[in-house]
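Below are the structure tokens for one structure; questions will follow.
Note that the chains take the letters A, B, C and D in the order they are written out, and that residue 1 is the start of every chain.
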Amino acid sequence: MIKVTVWNENVHEKTNAKVAEVYPEGIHGAIAAGIAGDSFQIRTATQEQPEHGLTQEVLDDTDVLIWWGHKAHGEVADEIVNRVHQRVLDGMGLVVLHSGHFSKIFKKLMGTSCDLKWREAGEKERLWVVDPSHPIAEGIGQYFELEQEEMYGEHFDIPAPDELVFVSWFEGGEVFRSGCTYHRGQGRIFYFRPGHETYPTYYNENVLKVIANGVKWAAPVRTAKPVYGNAQPLEKLQAK
Amino acid sequence: MIKVTVWNENVHEKTNAKVAEVYPEGIHGAIAAGIAGDSFQIRTATQEQPEHGLTQEVLDDTDVLIWWGHKAHGEVADEIVNRVHQRVLDGMGLVVLHSGHFSKIFKKLMGTSCDLKWREAGEKERLWVVDPSHPIAEGIGQYFELEQEEMYGEHFDIPAPDELVFVSWFEGGEVFRSGCTYHRGQGRIFYFRPGHETYPTYYNENVLKVIANGVKWAAPVRTAKPVYGNAQPLEKLQAK
Amino acid sequence: MIKVTVWNENVHEKTNAKVAEVYPEGIHGAIAAGIAGDSFQIRTATQEQPEHGLTQEVLDDTDVLIWWGHKAHGEVADEIVNRVHQRVLDGMGLVVLHSGHFSKIFKKLMGTSCDLKWREAGEKERLWVVDPSHPIAEGIGQYFELEQEEMYGEHFDIPAPDELVFVSWFEGGEVFRSGCTYHRGQGRIFYFRPGHETYPTYYNENVLKVIANGVKWAAPVRTAKPVYGNAQPLEKLQAK
Amino acid sequence: MIKVTVWNENVHEKTNAKVAEVYPEGIHGAIAAGIAGDSFQIRTATQEQPEHGLTQEVLDDTDVLIWWGHKAHGEVADEIVNRVHQRVLDGMGLVVLHSGHFSKIFKKLMGTSCDLKWREAGEKERLWVVDPSHPIAEGIGQYFELEQEEMYGEHFDIPAPDELVFVSWFEGGEVFRSGCTYHRGQGRIFYFRPGHETYPTYYNENVLKVIANGVKWAAPVRTAKPVYGNAQPLEKLQAK
């Protein structure tokens, strides 16, 4: 059973009545409830908790971490970011959602600015599957639509993804690489675009299906821990 | 339960006493027995059977096809190759072993010559894991060795793999991209280098583990069948 | 100076008055004229010529081949396709345009069906640069528009491109990976989407700039011809 | 003409007599002299200079920065690292050599630990070309050898390279991805393995050829600066 920790900064929910209305249990609560049907063991954590709820113990007991943040990226402690970073390199899966593109942890793992275009206009988004062999697209039709979403547009300043699963079409004329996978160290990362806080995106069954698929895809595999540093030769060297 | 068909040309086993001694049940028999511990439903098929044992019914009932061929690549009927090709595009997994690099089906899927360097000198091969986040490397140490193998050396004329999992070191001075994954249509392909017919490679537990991992990785996912051809607009077009 | 051969099936121009009006010198003529400002040495070839104008001599004297075909893909002789294929593996660059996605040569190099969605409705296409570090995007803004084009939509059944340079937005609601690069053998391939025969696309300065950039990117580099086949060891092997 | 800045920490040369003997003009001096035949405009910079010789003015006037560091990575000021990072995202090419794998700038751009195995035993390295279509391999044979080098072995903790050009074979039994390319923002990065300070590696003509090729490959292209942030719709949105 995959152990999932759903992390949310949980700030909009407390400061914006509209968001509180859409997500009365918080975005983390909606996601946790929405993927509960799968065989996951789920907990949630939020930024206001001690150590942002991401103690070493919690992370060591997490197979896949889901990350939603936006307004308070800058207030996430570097020490916690470094701790999450190390856990990803050590094999923990990471699913970064929507505005998490600008989180410290995503930027640190990508090495780029992770900047993009955006617009809050409640426009239509249509996500097209461009890799129909990918497990993250399982159970999804050739595309799915979100009637109202924030627009994210190219250029998205990320490394070319190892695998590109979804590309979004926006009513206003933009496109976006919306489902991107990466391998980093022993860990795997899935970035998934949708999920502006004022829309009920995390109740959408396609969105929840993709997140659940992403969790399964990113779950750790028991590979050998790489050995680094000074190494004795495995073969006899010629004297020189 | 994943349905696996182990396909072997089964020619060396009948014409070369040494090979018959190493693989009395055929290479297909050794592989089928070797991965039987996993939760697979396994059958075998060989080239001398009607339609090479790969009727439409068999392929439709196969989740992952394992392919070993060498001496008789040219005698595989184009009709069967096309049938396997279509099944891969439709989602069947394909694990191509060793000299299968020169099979009609692998060349057709790669689009290149798939040529390489080779030498039969019974030398040592050491396979290094270069992607420790990959499920195909699960349960494998940082490297494993085969005391005697045929050498395959670069340049290996393949498209750059979507993911590179293993790189081989050879005693005689060459290197080789030994574990390569590809997505093609709805299907996924894993090429794995080891397995010369005169060595007991397919009894090696690391080799068998990698093949079993490859089967699991390549197993079909239930993604929507892509829709091609003429399409009506999803949005209202401006008159022009 | 890069030697370019612009190849066109040149069928629509002779059978469709509208196309003849748009391209009085043929699509090949328009492209040849349109990229003539760059330091290329350009010739054209068409399908009706002996050996489709692609004799061994012509191909040996070609650095980069540009390919436009549509209606008569099936009438291109396999022998010529194989000749072009070998030249690509030997280092000749190939720029495949628009409906060339379904040409024998492109399908052979890709290994997939190369199928896609399409619609002739004269709708707007907007091509976004998704890799602003790529030489093929040189001199192009963050996007450019074509007021009227045929729609090509995902899923496009190609291997994941080595590099994805452009993604198209279509008025009717689709997206498309419109600028894709591949390495095959010693050769490099650029697929570029626009160019339906009834629109003046090959007079558009952005389209021409991209094609010229693609030619420069795909031009052969003088790398060593790979050596294949049986190879002597470079290091002394241990006796066994 | 490409403007190249060769940067070297220049510490070993001053503290180790053996290194001073091999590189009397410093590693930067040897590289600058070694690639001078190409049409580059070259300057050098070293860590002990004010702002490590990498003022904003110098970086703004640099097309491609070559980086060699080892002993004093930790003493490179974060401010300078951030400045170089921004210039790479803005299009400056970066060629990272050998022990530069552990530099702050490379780790920041990769997002991983960049750790590896190593051994100083003066053993033989053989670098194989695995992508014979790549401009960085121009003029190089199918492989080249360095009689004595430090060993670097897998696992090398980097993101899978966008393109893998060289793989090294080591006498002691290891392999290494020795020539790796990356796109980051508008910039391109080439990592090249060889060059331990106690060996005359930077006088080797193959090594110098590869570095010069890397500089040409990484040279900036005049693409449009990406536009980020809030964006007005390009199409009329439906009222909702």
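Everything below uses one rule, namely that a residue touches a chain if its C-beta (ideal position, glycine included) is under 8 Å from a C-beta of that chain, and two chains touch if they have at least 3 such contacts.
Since we're looking at a predicted model, the values are computed, not measured.
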### Query
Counting one step for each move to a touching chain, how far apart are subunit B and subunit D?
1
### Query
By CA centroid distance, what chain is farthest from subunit B?
D
## Note on the structure
When A-C and A-D are ranked by contacting C-beta pairs, first place goes to A-D
### Query
What whole-number Å value describes the gap between the mean CA coordinates of subunit A and subunit D?
31
### Task
Could you put a whole-Å number on the gap between the CA centroids of subunit A and subunit C?
36
### Task
At least two other chains touched by the same residue of subunit C: list those residues.
126, 129, 131-132, 142, 153, 155, 160, 162-163, 171, 173-174, 183-185, 226-227, 234-235
## Note on the structure
Among line, ring, star, complete and other, the chain touch graph is complete
### Message
Using the touch definition from the top, list the residues of subunit B that touch subunit D in their complex.
### Response
126, 128-132, 142, 153-156, 160, 163-164, 167-170, 173-175, 177
### Message
Could you list, by residue number, the parts of subunit B that touch subunit A in their complex?
### Response
91, 126, 129, 131-135, 137-142, 162-163, 171, 183-188, 221-227, 234-235
### Message
Give the list of subunit B residues in touch with subunit C in this complex.
### Response
89, 108-113, 115-119, 121-124, 147-148, 151, 153, 155, 157, 159-160, 162, 171-174, 182-185, 226-235, 237-238, 240
